[in-house]
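Right after this note come the structures.
Each of the next two complexes has chain A plus one more chain, namely chain B in the first and chain C in the second.
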Partner chain A sequence: MSLYPQFAKPNTTEQASQLLSGLSTGAVIIAGGQEIMPSVNYGHLMPSVYVDINSLKDLVGINFENNELSIGALTVHRDIQNNELVKEHVPLLSYAAQWVGGGWQVHNRGTIGGNIVSMHPLYDIIPSLLILDAEVEIISAAGTNRVSISDLLNDTSHGLGSKSILSKIIIKPMSKSLGWAYEKLKITSGGYGSANSAAIVETKNSKIISLRVSVGAVSPLPVDISSSLSSLIGNEWNDSLNDIITSKCSSLFDDALSDQQGDDQWRRSMASVMAIRSIKAALKKIE
Partner chain B sequence: MEDLLEDTVLIQLRINGKYHELEISPSVSLLDLLRDELNFKGTHMGCMTGHCGACTVMINGKTAKSCITLASTLSNVDITTIEGLSDEEGNLSPLQESFWNTAGFQCGYCAPGMLFLTKELLEDNPNPTDDEIKTALEGTLCRCTGYQSLIRAVKDAAENISASKS
Partner chain C sequence: MGNNDENSDLYVGKSVRTLEGKGPVSGRAKYTSDFNFDGQLYAHILRSPHASADIKSIDTSAAEKISGVVKVLTGEEAAKYIDPIPHYIDPTGLGGKVATIRCLALDYVWCYGQPVAVVVAEEKRIAQYAVSKINVDYDIKDPVIDPALALREDAKPVVRDWDSNLITQLPFSNGDPEKAISSADEVIQTEVKVHRFSTQPIETRCYNAVWEAETESITLYGTVQNPHPLRNVLSKVLRMPENKIRIHAPTIGGAFGLKMHGHPEEGLMCILSKLTRRPVKWVESREECLLVGAREQVHNVELAVKKDGTITALRDNFVANTGAPSATPGWAMSFLTGLTMPGPYAVRNLDVLLSAVVTNKPGWNASRGYGKEVTAMALEISIDNAARQLGIDPLEMRCKNFIKSDQFPYDSPTGLIYDSGDYSGVLMKAAKAIDYEGWKVKQKEALKEGRYIGIGIGFELTPEGGAVPGTLVAGYDTSSVKVGPDGSVRVLTGVTSPGSGNPTGIAQIVADELGVKLDTIEVIQGDTTTCPYGFGNASGRSTIVGGGSAAKAAKKVREKIIKVAAALMEVDEKTVNLIQGNITSGDKSISLEEVCYAVYTRAYDVASVVEPPLESTATFKPGLIRHTPDENGRINPYPSYSNAGFIAITEVDIETGQTKLLKISVAHDCGKAINPILVEGQANGAISFGIGGSMSENIVFDENGRQLTNNFMDYVMPRAHDVPEILQSHHDSPNPVTYMGLKGAGEAGVGGSASAIVNSVNNALSPFGVLITDLPLTAPRVWAAIQLARKNQPQRKVA
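This part shows the complex of A and B:
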């Protein structure tokens, strides 16, 4: 065991997962490095081994097969913004990726896999994946598993520093008749949000017949609040629905964050504000 | 699988057109490699968190923040630093001339970020709107807050580069 950091660049997922299973907890997987390097630079993270996964071909590429869009974990944000398959089948994700912080430099190197496994409360990708019912493929020495993104969020063993590798994200295509929106409370799109919300709505005769809404940057992890807003189904949008959303949201975020982006009480208020904004914006897309 | 572990990493980089083969520590950032090992001091150190953009370079023609890029993950890539924007005699490129002629910079510490983001913008979009310029420059902070001057310089660069191509 070296006193200094070591480096490994496996060529296959089998090699990588076997290597990870034999390493101590100080090993980290690295691809674009946009999440890890700030922590390394400030001494908050001191990896014993960097496992570079950039050579793993199983983690590359965007494909549409069997009515599923598969996005390799090494896909960078810029490609999610610009790829025609993503824009056609999951335009919500393509749009949300534009709001990732750090500017083009980070969009060119930051990967969707890194964004997910960092499980950062303020990031912009997971809120959309939650309401798209996305699934992820996880590879470890024990084999390959496919789990929903919501299950992944509840399993802390899949975060940074784990012995598993997130290989791809699988999403069912969105119907063209759906309205969708991602709203982020931030002065510019270049940084952390103080609250955000993604929404997907379907209407018939102007009445809401299905509704999916998530809120991010308020709790320690983004939250799918769709079931709490089920009483909106069957209604045509009107201002009284604002009060229902505000009332429901007021009891959903007991664990609201307090940081430089805003304190917990304000964050709780902003959760409903952003949910209302995203639902209204999604409805407007249908009009 | 422990035979995969290395104490040092051998990488090959083409920096501003010149080939380099380097044996480096696994944990060195591209910024430290460029500044401390290879003496490309034009790549500025700012925040070390990826927020400010003063350390921007181009990797294979795309902008990247060198302070949050682990050098050992790069091999067989083309890197352009700000020194590579001018020619070998030190003559400024049309892009740099525009920033000079319009006083685009105040202190100039953010120059790597602003110049490379402008280069990336104008390669895809030769005639950007103000909003498109603002979006493109989001990844770099100007601590002098001279954003209006920067937008003016990008517009001038768009005209200057179009004229130099016609």
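This part shows the complex of A and C:
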């Protein structure tokens, strides 16, 4: 907490990680500023040092190499939505980024890296990354690490803290034969999401042969619920699957959020409603 | 005068684009916060984190040591320099109790967010930082939050020297309700719970007080709806005469009642400026803006009805949770809720009892509708329930019970005198515009596909232009019309604009009355030094009394121009025409400028037929207001009774509880639309309030009375995408006692549209037997009601 914060703008990731390792907890990394600045403006956050990472070239750019799509952490939502490589290889992510809240200004300034590291339960990017089995690259003074997004969420030792930098997101391309969808329950256009679900399905002879589903905005972090829905595999879609999904989901969200947009009981129910909607929408894409 | 012919030379009745709209739209408008002065200082306020606590001590030493801090003020020190804030509407005038309202808490705090201390510093962030270094030792008490508990005999009084938590308890009764209820075919009970939702203008409040060393006076630049009355209040708070205080209210970015005065920050900035001898500015944060409360009422409505739907009596025992006492006029909204019962309905037997209660929530301020929107919600939701239970079409039920258009002026059972109206005509126009019968067919078709469409009706009677005896809420106002030697016109009014466009409406009136072009007129408002003594904007009054007084003044100036023009042209003044700035008599003509210049320069010769200058000041005082109590002690504080009918079409997603508002139709009676765009703009805004209020806006507290809703993530207002197509119709019944029949158009719409939406959702869910009267109808609440209905009626096959 400082009345007179300092500002640092390192030019390389090396400089940046060295700098961060020497700073106290009052330092913050700033990229698009969409997460930090509202807190600063409200007086809830008074950082001692702002470390501006916008000059770090390693964090910029979208590339497709070795059958992997690499998205720099500084990539803004607008570019995730419009970039041809993202649209071609991971259309689910490109589509989900359209649902990021806050309107055009946030889409133009907010970065995918900032969206991930905030680990906000209601945000729109992580649910898709989970079922795409995305990985992230993390740089610190100790070196460079590559971890899966699910490990990043679940393992606190990977917590980024204020000493590490998320540099890029690495995703394997989606097969063209897959159906995919992202469904978001948003009660009013100005409100945050109340539940969302991303789904990727593959079918053969109309039967589901693989299924990945995640649910966000219901529990403190988005959850990959694919393994709980394994009994759906082998089935052709029919309304009885609704009940299976509802029943499976009912036990998955004991820690459901309760906020002013909705209580935990409602949110828990919305998990299955949105999961069903995303699976159905994904199946429809195959048709 | 005035017509809807776009080719007419007259402006009244035309949809003229606002003269003052360019500034805000292009970013050039100067709002209060845009004013900065040499030596500008900034204030930040320390607010109570507790709903109820004793202040044992305040340690400001750490804050005072911070470089850049100029002054730290606590309640104890403030009490030496300033006096308590006089009430905008003193509760004693309505048989109530009065509390001492201070700018900073003294000894104890009675709500979350109450100002406790203030820091003034060279920079805003320094003030903010210093506030975090003030150490207050609180002895926390159990708060009183629930109004039902607040009314219990053992409840602790929120105001320590009161014997109960009742501000006032007032009956509104007429006829023999007991007999009507006991002999009714049916008595239908509905509990309507209206929640706490407020008004949130884009521009929050801001005050910048400037100490004028030369004259030892204060100029307050502020977001102020009522500059002259505030000056009177500040003279008492600051112990200074009114002529040493100037209030300047520049462009306002929305007010809706929030910027009616009595706020502690008004006096605080002034005294801080006086103490520091420098300008002191405070800009309200959104978190602070959300501290204002309104509307939270619980109604227990009983309607005595005949089988054919005729309502024979209304009983309503209602409780208003007005929060902690405040000097602003908020609390009195609950009085208006009772006074305007039973709204547009010809029910003579009335038994209404208001209990206005204080609790440890933050206090109310005025909010668009001023209590009349809650009357509409209580009545309309109850009538819909009755229609449902009687199996009568809700449109038919309303038309059956409306006061008929030939019954005006109508003496209401609470003592009001309604000027004019055609309520069933209004509602039928709204129904026709949206194809009410057609939607009934579509609804049935949709249900076959498992889609739940609802059709809902709402009606709102919104008396406007109110005047409360013994207060500076006056029914009249004053304007000056001044024409310069060059023929340009300045209109100075006592009314002000919250951004609603009334200056354009007033200019249209003056242009026609004077006979000049609209773009030669400039309307000046909101400055106590230059404008006539007036009462600002509130209660949809500005065009009624601002326009009415400006018209009177313009007529007098016109007479002078005609006289001098006749003298200059050497013709009989009866032959002189003046329209759109063209002065003619037969085939003779003369320019307006030439005549005006002559008035100022030839006062001893050809212009001696008039008294210079070309200026006139006039007051318009509408009739019908009656402040002398009748034999039952009742008064009529309003000259005009605007009204509006609404039909809302919704679709409810029964899996999520989400409601989509598909379409809404409104027919509005504002007496006479000076400028239809302005009227429609007001209705659009009011409907957006109704959408937010009925579905998503809600201010909630934890069990300790701490407010949980403190940003727009939690206080969810509708955005453009949430507002559907609005079908607007005008159905004007001119008011016989106002200029051109004006009734006011600033408020009507909040309660009517909110009720139509609530009734529409309940209508959509009628296959489940669901009736939700506990607002707002959030998705979780709607969803839970459907779940409960399904659990209770598992045999019912729906969807």
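Couple of notes before you dig in:
Everything below uses one rule, namely that the second predicted complex is superposed on the first by the 272 of 287 C-alpha atoms of A that agree within 3 Å, B and C clash if a C-alpha of one lies under 4 Å from a C-alpha of the other, contacts with A are read in each partner's own complex, and residues count from 1 in each chain.
In this section, a contact is a pair of C-beta atoms (placed from the backbone, for glycine too) under 8 Å apart; a residue touches a chain by one contact, two chains touch by 3 or more.
Quick caveat, the model's predicted, so the values are computed rather than measured.
In the superposed pair of complexes, A:M37 makes contact with chain B only, with no contact to chain C. Judged by the touch definition given at the top, the superposed model places A:I171 against neither chain B nor chain C.
By the touch criterion defined above, A:V273 reaches chain C but does not reach chain B.
In the superposed model, A:P47 makes contact with chain B only, not with chain C.
Of the two partner chains placed by superposition, only chain C is touched by A:D263; chain B is not. Judged by the touch definition given at the top, the superposed model places A:S194 against chain C, while chain B stays out of reach. When the shared chain is aligned, no partner comes close enough to touch A:I225: not chain B, not chain C. With both complexes placed on chain A, chain A has more residues touched by B than by the other of chain B and chain C.
Look at A:Q18: by the touch rule set out above, it reaches chain B but stays clear of chain C. Overlap of the chain B and chain C contact sets on chain A: residues 42, 188-191.
Contact residues on chain C toward chain A in their complex (touch as defined above): 66, 125-126, 128-129, 132, 285, 287, 655-658, 695-696, 698, 700, 708-709, 711-714, 716-722, 778-780, 783-784. Those residues of chain A that touch chain C in the shared complex are 3, 42-43, 46, 185, 187-192, 194, 259-263, 265-266, 269-270, 273. Listed in rising order, the residues of chain A touching chain B in the complex are 2, 4-10, 15, 18-19, 22, 30-31, 33-34, 36-38, 40-42, 47, 49-50, 52, 54, 78, 102-109, 188-191.
Partner chain A is touched in their complex by these residues of chain B: 1-2, 4-9, 25-27, 29, 48-51, 53, 56, 59, 62-65, 67-70, 72-73, 113, 117, 120, 135-140.
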